Amino acid sequence: MSSAPQLTSQSATKGYIDCDNTQQPTSGRVPLVLNMHSFGEVTHQVCRVAENKPPFAWYVAFVISLSMVGFLGVCVTYLIFTGVGVWGLNNPVMWAYDITNFVFWVGIGHAGTLISAILFLFRQKWRTGINRFAEAMTIFAVICAGLFPGIHVGRVWLAYWLFPIPNSMDMWPQFRSPLLWDVFAVGTYFTVSTVFWYVGMIPDLATLRDRAKGKFQQFAYGLAAIGWRGSMRHWHRYEVAYLLLAALATPLVLSVHSVVSFDFAVSQVPGWHTTIFPPYFVAGAIFSGFAMVVSLAVPARQLFGLKDLITLRHLDNMNKIILLTGCMVGYAYSMEFFIAWYSGAMYEKFAFVNRAFGQYWWAYWIMVSCNVITPQLFWFKAVRTSIPLMFILSIFVNVGMWFERFVIIVTSLANDFLPSSWGDFIPTWVDIGTMVGAFGLFGVLFLLFCRYLPMIAIAEVKSVMPEANPHAHHASPHTDHAPAAEGSR
Amino acid sequence: MSRFLFPRWTNALLPFVLIAGAITPLYAAFFVAYGLSPKTLDVGYQPVQPVPYSHARHVGKLGLDCRYCHTTVDRTAFAAVPPTQTCMNCHTQIQRDSPKLEKIRQSYESGMPMEWVKVHKLPDFAYFNHSAHVNRGVGCVECHGRVDQMEVVYRFAPLSMGWCLECHREPLDRVRPISQITNLAWDQKTELTPEERDSLIKLYHINPSENCSTCHR
Amino acid sequence: MSSVKNRYWRSVEDLTSSSEFRDWMHREFPDGASEHLTENERRNFLKVMGASFALAGLGLAGCRRWPETKVVPAASQPVNRIPGEPVYYSTVWEFSGFAQPLLAKSYDGRPIKVETNPSHPWGGAGVSAVTQTQVLGLYDPDRSRTVLARNTHSSYPAFSEFFNNKRAALRAQGGKGLAILTDFRSGPTYADMIARVKVAFPQATIVAWEPLARDNAILGTAMAFDSPRRVLPAYDKARVIVSIGDDFLYGSPDAARWARQWSVGRAVDSVDPTKQQIARLYVIENGLTPTGMSADDRLAVRQSDLGIVAALIAQGVSAGADSPALQTSIAAIANSLAAQSVLDGRGKEVIDALIADLKSHHGTSLVTAGVSASKTTHAMVAAINHALASEGATLTYLAEPIEASSAGFAALCTAMQAGSIDTLMILGGNPVYTAPADCGFANALTKVSTVIHLGIYADETAVNASCSWHIPEAHYLEAWGDARSFEGTLAIQQPLILPMIPEGQGGRSAIELLAELLASDPVDGYSIVRRTHVGLSGLTGPLFESGWRSWLDQGYIPATNWKAMPTTFNAASVAAALQADQAVLTAPSSLELVFLRDMKVWDGCFSNLAWMQELPDPVTKITWDNAALMSLQLAQTLGIKRGDMVKISSEGRTVEAAAWPLPGYSDASIGLSLGYGRTGPGVGATARDAGFNAYTIRTTAHPDVATGVSMTRTGATYAIAHTQDHGASDALDPKVPLEGIQERLPTLIREASVQEYRKHPDFARHVTHVASRLSLWNETNLDGAQFRWAMSVDLGKCTGCSACVTACQAENNIPVVGKDQVLRGREMHWIRVDRYFRGSDAAKPESFAIQPVTCMHCENAPCEQVCPVAATVHDADGLNTMVYNRCIGTRYCSNNCPYKVRRFNFFDYQRREPQREEGLMKVKPEYYVEEGPDVWLRMQFNPEVTVRMRGVMEKCTFCTQRIQAAKIKYKNAWAKAGGIDTGSSNFSIPDGSIETACQQACPTGAIIFGDLNVTDSRVAKAHRSGRSYQMLEELNTKTRVQYLARVNNPATARESSGGAAHPDSHGHAAHGHAEG
Amino acid sequence: MTAAPRVYGLLAEFETPAQIMAAATAVNTAGYRFWDCHTPFAVHGLDKAMGVKRTILPVLVFGAGLTGATIGFCLQAFTNAASFSIWALVWVAGYPFLISGKPLMSVPAWVPVIFELTILLAALSAAGLMLLLNGLPRLSHPLLANARFRRATDDRFYVVIEAKDPKFLRSKTEAFLKSLGAKHIEIVEDR
């Protein structure tokens, strides 16, 4: 451990005080794995989560989440059997919680692929500690997101008309519609994210397979690992494919929320019809996505004893990104106002003034305080490295980002062109139930993931450990033989 | 303790599993495209009618014109199903005691209408107008087939939207002079040259619409 | 060939007379009509009913391999019937004694819609909303369907038996103790029957009474002349119209007719611009009415002060110049202390201008008083009109056939209380609910041993414990009769369908019941009516038959209108009356309660008609309730907010109602409409609990306005479902939404004074800045189309009466959603009438704006682009089509519609009954399995229009079914005539032969529909007008619906004059032209 | 070819990345062709040391992306702008909708779908072709039956020389591997 900085001696798995590895050491590399000295320990640390009985808290969380899913089932069944009127929607507010939740979850679904793909391309090694479950979070969030456009349509049973399937009516989707772009963008995003996630997980599934004790586990993990043997010839293509996937996922991740923002930007509703939306939405998505990662990572590392792998440095880095994207979002908010004023367009101007001072002023100011004001605390390192504070702030950001979507959708629709048709939106219990239920669905999926799948990219973490360097000038203390292998380059 | 190991034959099985996986979406599309099509489901529907009225005999052998019974076909949207009265125009003279006509006679005497089983049914949201077609050179046979050869009437055409559009997009092969509208045996493809058919299209100003509002209101 | 000119409705007379027709009708309703209809049979009813394919419109259920369906042709085809083709019949509906000439449209035996009868001298002026709605009344599932004996089911034979005995007893006493209480009926057949009753029962008491009568007008004219007169105004001839509390554009049975007349004088483009101005309308009223909103100058004063205003005007125009007595008594009122405080500065200015106008328009001015204005006001108005030489020029006096009725009714009540009435026949009406509170009618009823009630509904009167018999009444579309319109023209009321009520359960008309009373032959309405007309016409045999045929064909009997009745103005009588009433007229100001006439439910008799309940009030935009209307200032003083329950007390009686502050109200006046607040047994599901019952506080002495009332908050609140004014409350800064509205109003609704208009005839085109229309692409999609359908809406003619809304509802199978859904903002009307108040002071709006809004059929429709499944696309003729069966319900189109005219089926509204209560869980389990609301209601459906299921968007289609019908009709005719060989390369549709439902119903002709490709079509001309503009033109939606800007003719200056305030500053160079 | 047909190959275990690197270089230099390294993670540079040629995967993925773009364009052009028929499971024709006054060929509006299909096909082919080229999935493999080999996904590094290699001679190869410093060597049976 040549480069370990001023570490405390406490083991993160036992104590509550985190090792501070956030300082850039004057020499050497930043340790991204603490208190572990061998590959085997990393393997064990991650796999034991899946192999042992989960902590009690897991069961509590699971039961709560499951009952929320049950309620979601009730709400959705009621919705589908009765009609979307069970939501508080009306003319003019034809979209409200449904699309708010959709955009919210799509936004959450951005951090995973972003961490995986963009940080991978930028060679940010700290991604390895968090990418796996950030990706999982992405997929589950996209599932939650996909639920809403699916159930929000008036005739769910005909939603397959959104796909260009040859049919006896000779009818096709209408490809000028941003909603159809959504179908393709979110569908592609979900598919590619899942593929990316799964491809990344294959070696780790093989690890689980090889460690599995029970026959069923051996079968199940064996099936999932599709016979991965760690062959270097496979690794070669694997790495190329992974790089390609990262390179493809990067524009994809930027495109998805751009396309989601087109749902609004392409329309002519004042407050929606804005060219700033694509970058603004992407920044917001990253913002909320990272906040969600923090919200999940903080309890997860605590619960499953992964503090040595998800270290304060990881969290600190994420908080910095939250701060950065929070500022971008704040810039976007002010820019919207400026452009609305500068445009001189009556309806546009009104839409924004009305957001801040009209009937939904409270939603607007919740949004501003949660998304712009409170994240400013992350300028302070003490806040960035304080587990409770960052947890609270990340929850704030999630709340704020939900309200951002609510503000954009509902305030714009409620007061658009003709004052005669102004309206307001009052949610019903089904609205709230569906929203809460989606969180439950997310929770169930995430808890199952934590329980049964490798939460941390074992192989990748190993590859960023100092021991993984075949050209290192030090010998591993665990090897009695140190061939001075010369690198080819 | 022995481990679970996949047997060797699973390796041979896998390609098939993968191919099946790849085909599934294609199959689903095929299922929607063909399996759910009226072409598959509805063509050939041949319900039993309360009275064994034979179009083959009345139209094919006796040469009744379609419009003798379906009187409103060239005037209104609906080709009216004839009232019992129409049957009795002849059957008070002919086959007065045929047991097959018992129900007709009952209806005539009681005034209670006959309940025929519908063969050609469009969904309620599709508004087809017979008069607009028969006055513009689209013969009965195009949609109803050779009714003059049907002992019991069956569904000849799918009557699906795609099928309607086929003709609306390419009417050339389906027009005929109005004089031959009800002549089911007359085939415009053998009787007329494409040029002649084209001139018919001009004559009737046939400009079949693909507008939604043409059929859906 | 215009459809309205061409009489293609036919008489059914020849059919009805034949036994064949009778037989056919019975076959049409197998085991119905003559027997009973059980619940299950009713479900099958329609199936069998639909001879041929009549129900093509029902349900969107589309699945393959249909369940087996039956085709049921009629056993023998009736003459003139083509299955699936509508037939029109002329008929009339009598509304409070005034015949409304109609053409009823029948589909396979089901009347589904009424239009005005354009060939009738009193027709051709659209159809008001309430008249349209009577069709729904025919199929009202809450209609009384059985004879009730003491509120238990009985049968008509049982009643006949009882009646036979009763008749004998009554005859023996010469009719002593018999009283007949009827509503107003104008027909000679009815008069004839009453005359026969008087002969047979000489001592019988016969009272014609309705709660909403015109007593004041009758008594007032009786003062001014020697006998009561009916004032027949000619608004079209007047250049200056002064309405003293007269809501003539909306608030009377014949409002459509008056509105049409008024609109003639407002036709700004058809008068010579160099000489004439449009007619000027002054309105002085206590509340706010469509007439007030259409006024050029309007004043709000208390209803009780209208007499003072009339006196001021009378004084100003020197009424009674030749009668010092009259002058003195007028002056006494006009100069009284009370008169000093009636008018504020602006009020004086308006009255002065008004007087000056009247003075300079002798013979071309018209002053009218509202039905609720006091009789002395009516007398003064007669004096004013006399002074202005209006008679014969702008108004005609006719004989008044209806007597003032409230005294008669009070006397009847007294007689009942005294026990001198033994048998009471109530023919129509619901006096238990509508009688003045001081009459104690329900109590009086207990003193009558036999009460026979004939009514459409088993209402409060029918189920009253004292009511011996209730007979279901035949609907006007079910029964023969005759009636006179306002000016006297006589028309036959021709039924289109046999009574829905089985014969053994009643289904009788009033004349039939009177015939039963007389036990005379004949007893069927058809024969009775014919007998009358044989007598009236003096014709017999074939001559009569041909006359009868033509009367039915054209829908009226020619030359039966009343002739003008010359008058002698009796100044002395007026002077005496004024003197007598001076104290009342000049009573010190106090809080008053005005009993408003609601044109949706009238006296309450239409309150079970769901279309009416759901129709937003033209002024308040309230649905499903009434409310205590008051000025903002009054509400503020008393600490009352919108929706607060208030208790209004007068003379010891109270009513609780929800408060609704309304801009434009006069400050010491509360308005509460009658006809609501029906609760308890005998009230249909739709009417039940709707609003607040003002009858509880209405007395014989004060039927129109109660003064000296008090109002307090009860502390409770009430949710009122209204369709406008959402989304501006709860703002952090209330000024933001309010100023936002005021800022955009001038661009949405453009208007100018007539002077400005003459100076800048194209002012409407230069209100908004429209960026250069350089498109990113070639907008050639719609080039080369044979038709370019378009609509023009003249804001200068629209009164906001909402007839279009109901007509559209009837034509297009638009569901009623219920109060709960309206509260949630989910009303389904395809056309709505927007109402705005303009001005900086919310309490005292300077002017009002009314704007009907429906789908604009934008050429660059924003909705189309965002639909992912192409459920809304354009057709070549420029219609923005909405394909319900393709719609999956993403609702994106509605979000992207700047005009918010799309309506979404949040629930299966056609299957779900309208619900009053809030609460989403109120979905009954049956909802999931049952076919829907009562099959009766579904019989009203227009089979030409798809009935939409839940989850799909819908909107105005420009009545595409009518366009298609016309296209097919004209193209068939052209093709049959030889196609291209006819010499014309293609068929054409004459301008005016397609009318949309809203256009057809519009009383003032504000809506014009047609083809822009025809350069001289009315719509093309309208679009070329300088007044024509597109709403939200700056969005480059290229709307096919354009508005004609309103041109006002105010006498007094307003603070701002709206959109065209500064036409000069809008140079052509800086702004793109609206139309290239 | 003296090896028994039931022998799959020889398994040599190493403990560190550096050791396997050296071993791989040596095996490659020795001219073996059917051999492989198995590591718990991708050891940087090991593929080079083994003499693995650069995969053609990127080229294939590029092709797939282009296909996706083409499909995206043609799909939209056909369904929304064309009215001729093609056979796609059944005979279908496009439907030239009149939308918002826009031209039938609204290419700018098609960009998102073209883009998404490009990414979708490229990504799916990247993953799918990678697995295909790797001969995966392959659930049954002699090495997976080897108990010792299970640490290949944990913390050990293996060189496996297959029996079918022409240079494979059990004793000689075993000795060779031993000389490379293998901690453990054993025969892998081909079950």
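All chains are identified by letter, namely A, B, C and D, in their written order; residue positions are counted from 1 within each chain.
Here is the rule we go by: a residue touches a chain if its C-beta (ideal position, glycine included) is under 8 Å from a C-beta of that chain, and two chains touch if they have at least 3 such contacts.
These numbers were taken from a predicted model, which means no experiment stands behind them.
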| item | value |
| --- | --- |
| Identity of the chain that, by mean CA position, is farthest from chain C | D |
| Interface with more contacting C-beta pairs, comparing B-C to A-B | B-C |
| Whole-Å gap between the CA centroids of chain B and chain C | 46 |
| Intercentroid distance (Cα basis), chain D paired with chain B, Å | 55 |
| Chain centre separation in whole Å, for chain D relative to chain A (CA means) | 28 |
| Set of chain D residues in contact with two or more other chains | 88-90, 92-93, 95, 97, 99-100, 102, 106, 137-140, 144 |
| Set of chain C residues in contact with two or more other chains | 862, 864-865, 870, 873, 875-876, 886 |
| Residues of chain A whose C-beta touches two or more other chains | 166-168, 170-174, 176, 178, 180, 222-223, 227 |
| Chain D contact footprint on chain C (complex, rising order) | 777-782, 859-862, 864-865, 870, 873-876, 1038 |
| Complex contact set, residues of chain D against chain B | 83, 88-90, 92-93, 95-96, 137-140, 144-145, 147, 191 |
| Chain D residues within the chain A interface of the complex | 15-22, 24-25, 36-50, 52, 55, 57-58, 61, 65, 75-76, 79-80, 88-90, 92-95, 97, 99-100, 102, 106, 109-110, 112-113, 115-117, 119-120, 122-124, 126-127, 129-131, 133-134, 136-141, 143-144, 149-155, 158, 181 |
| Residues of chain B defined as touching chain A within the complex | 3-6, 28-29, 32-33, 36-39, 158, 160-163, 165 |
| Complex contact set, residues of chain B against chain D | 3, 5-11, 14, 18, 26, 29-30, 33-34, 37, 162, 165, 169, 210 |
